[in-house]
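Two complexes follow with chain A in common, the first pairing it with chain B and the second with chain C.
This part shows the complex of A and B:
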């Protein structure tokens, strides 16, 4: 068989990978610049910018983002589990509507959800919630679809006969939940939590409108600093904020087969 | 003992969804509906006067600056959709068909940009495209140009940056549609004498058309509402709807125009996604 086209495809694919990874690798390289401008290739070598990325000015928003993402992930999971159960196991009046508004934030532009929340909180006189509380509410809304869908997928994948067997052997409904259902769907719950965390941690479109000085995630902090120029510190900071989700995925990947979930989660309707 | 499990049906799901549904109703559904109605209300800065009007939309659609921004947004959205498909099709085809032991790793690598904030991904493009950037220094060093090219800010730069950011969505959509293709159909074409290229063009490509359309519309829909990339790689001369919304809401404090622009964006996205499902493409 003619191998020509396949070789050509391989070369094309290599170029596309370069396109995908190039900008991220270049950002990493720029952070080692010896000068205070973002040159590529870097001129000179210095670790100064990495040190500056750990200045209080940047550690504060970074920690804020971590805390916000962690809390968002926990809340999104806590309300995602009952929602996923209801959608997967029950038929009830209004199911389609509840499902649509749960998954809606995934489909509607986050930016619009953000300005709607800004406007609504201000108009009803809760403008003082802008900052931490508004961010928490907004992030839970946009991250909830990720946890609900991932948990629903793992519930769907679980054979119903396992629960039936436990019930037949005399386990009450709560015991079945605790000793059978939850252990089986635990990887899905963790994967959903990880997706919610990452989605919150990398968000900018929602935070942009409802953050306030002193209470803003690292993405918004970087964005507003960009107006003053592209210092290599920002490159270092960007790479640091890329590493956090990467480490999370690697750790979870060791304990639960999260790679499968990444594919299913994104690929399914 | 008779423990009544006779009719607990409606109460259980109600208990499960009541609280989350109430939360979403208050903080998502009502604010979105409010935004839509605010776009039809006259307002003075952030204070709404309560007078119904369509003037906000008339303003947005009649002033050249706003018209251009809306047209530019859709132009960029279409260009991004095309670039995403052109780049993600070969990649998805390779990932589905390869027998390499590195397949899993390569799939993960192609999706890895999803883990990075769009800022990280855009920053690299700024470094590549700016006046003293990688492309200009390279071309200057080679003597191809003697003046740095103004690659930034431009709609082209925004298109490149967004295509890069949205590539994983194209890869996922097209991989899903290639995975759904029965390989026997291709084998049949080949055994009847069609070469690899002809099989691809006359069999594979038409059969994965829904995936292509789905990926295109998804990239289009996300691209038109993107903020960070146009803000970083564009400038005052390359405003898009998202950057205008930001300046209406935060700088000019003209919430009437901000709401109306938001409503246009909202309705465009919904229309694009309805179109996707009508055409049988996949949602993501």
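This part shows the complex of A and C:
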């Protein structure tokens, strides 16, 4: 047997892992530097930078990001559920257009969406909204496609006969939704919520344009601090921001089984 | 006479311009097991969905126990349905699946658990209540679906190809099981299948469907032995069909001219000169000597013998070159070799004439 292709595949996978994990591990190591420069390998050992990462200067944007992402995820899901039902179940005039607009941010560069939203809000005279509400609107716009798509996919994956069976057994339309449809698509709804949360939490392109000073997400804060060089504090902070989505996914995966969605979404969509 | 459990009256359902159900009349008596049999796409599922209320008819009427139900939503029709893919609720245990219909009917808790246990026992699944559907085999899921449909004590049972996802052995087992359960409960049933074996063995009556219409309806033996059309004859079992012309009428029988030779058969109400089709089932065709005086006997050549174990399928060429098939019991009394010329014969009463020319 020819083992050539297998070896090649293994090497490719190894290289990919190296480039995914390598930077993370190096960043983590850098955060333990004993000096105030980001050396790798770290020189000396200190936990000082981790302490600094918990200073109000950083905790405040971190909390702001968390709050923004949570609110964005909830709103995107609340809008996403009915939209996904509409796209998946009903035909209405202009459906293609509405769907294209909803899913547009998925393919448009967020930078463009961000500038466009800023322009738009200024033009329609809502300039004084700039700040938190604009930021929230922007985040919902770019996160909505993630929840809509994931929910639509879970609706599509559910066999229609299950709802018919429920109706046949005496369940009215609302009972069918409550006892059958929603429980079955719940992992999809949570997965969509998680995607929206993560997308909002990691966004910089939208926030860069719309965030006001004093209401900056952690990504923007890191970005501006980078002007002063990559301090070990930033390394510690980056690792912290990385852990938050990971923990979220682990928890959701444990309790609502969203794993299938994270790993099959592209394939099934 | 009692009200029929189900009555379809000129039922029509169109998708776009295509009529998937094109004027169906059907009455199912209380306790009767009626099968809708037909090729893929002939409208069986559509008919069932109309009865269950998942589709609204474009014409005609549906009565359940004498009551018009076209305007009744599915959840008020009180029918038990088993879906082809079972449609079990994946997020519920077996017991909760079975209990669902009772909960929707607001049956008291204590009664629910008693009836669920009873229904699970009925389908021989006692002790499986705590499992999830994905922890069951295909046959077990099938039984859960059946229990879930029966537990609500529906006015009738609708089964959409419930056996088609099972392997052969299990399918035959479930056939008998469903049949005996249905008889025991005396529940009127409409069963959909495209498997003629299922239809013949399970049904009180079979409705053979084609292109949205019922081509013939009757008891299994009637459908098999006295098919009304060439389509029905060809769809159920194998059959020899020979185009024929009515030569003369002699009392209850007719004299026929066929390309394979002259024949006689029983049929009423045809006139001389009419084009018809002479049919004989392979198991009614005999080969070799021993034909009684009144038998129809033709010359034939053996083309091929297919050995199937208990039976031999003998493929023959008739005088005009067309082919025929005879089925013989493999009892060791006869040998056939390809190329051999032999006499093929059948008694006139073993033939059946269809009033349709080829």
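Simple rule for what comes next: the second predicted complex is superposed on the first by the 259 of 269 C-alpha atoms of A that agree within 3 Å, B and C clash if a C-alpha of one lies under 4 Å from a C-alpha of the other, contacts with A are read in each partner's own complex, and residues count from 1 in each chain.
Following the convention adopted for this analysis, a contact is a pair of C-beta atoms (placed from the backbone, for glycine too) under 8 Å apart; a residue touches a chain by one contact, two chains touch by 3 or more.
Computed from a predicted model, the values in this text were never measured in an experiment.
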item: Side-by-side fit of chain B and chain C on chain A, or clash; value: fit
item: Partner chain in contact with A:213 - chain B first, chain C second, else both or neither; value: neither
item: Which of chain B and chain C A:56 touches, first, second, both or neither; value: neither
item: Partner chain(s) touched by A:38 [first = chain B, second = chain C, both, neither]; value: first
item: Of chain B and chain C, the chain that contacts the larger number of chain A residues; value: B
item: Which of chain B and chain C A:20 touches, first, second, both or neither; value: first
item: Contacts of A:125 with chain B and chain C, given as first, second, both or neither; value: neither
item: Smallest separation of CA atoms, chain C relative to chain B, angstrom; value: 7
item: Chain B and chain C contact sites that coincide on chain A, given as residue numbers; value: none
item: Residue ranges of chain A touching chain C (in the complex, touch as defined); value: 159, 161-162, 164-172, 175, 179-180, 183-184
item: Chain A-touching residues of chain C, taken from the complex the two chains share; value: 52-54, 73-81, 83-85, 87-91, 100-101, 104-105, 148-149, 152
item: For the chain A and chain B complex, residues of the former touching the latter; value: 1-2, 5-6, 9-10, 12-13, 16-17, 19-27, 30, 37-41, 79, 82-83, 85-86, 89-93, 95, 98, 101-102, 104-105, 107-113, 115-123, 137-138, 140-141, 144, 198, 201-205, 208-209, 219, 222-223, 226, 230, 234-235, 238-239, 241-242, 245-246, 249, 259, 262-263, 266-267, 269
item: Chain B residues within the chain A interface of the complex; value: 9-10, 12-17, 19-21, 23-25, 27-32, 34-35, 38, 46, 48, 87, 90-91, 93-94, 104, 107-128, 130, 132-134, 137, 164, 167-169, 172-173, 175-176, 195-197, 200, 221, 224-228, 231-232, 242, 245-246, 249-250, 255, 258-259, 262-263, 265-266, 269-270, 273, 282-284
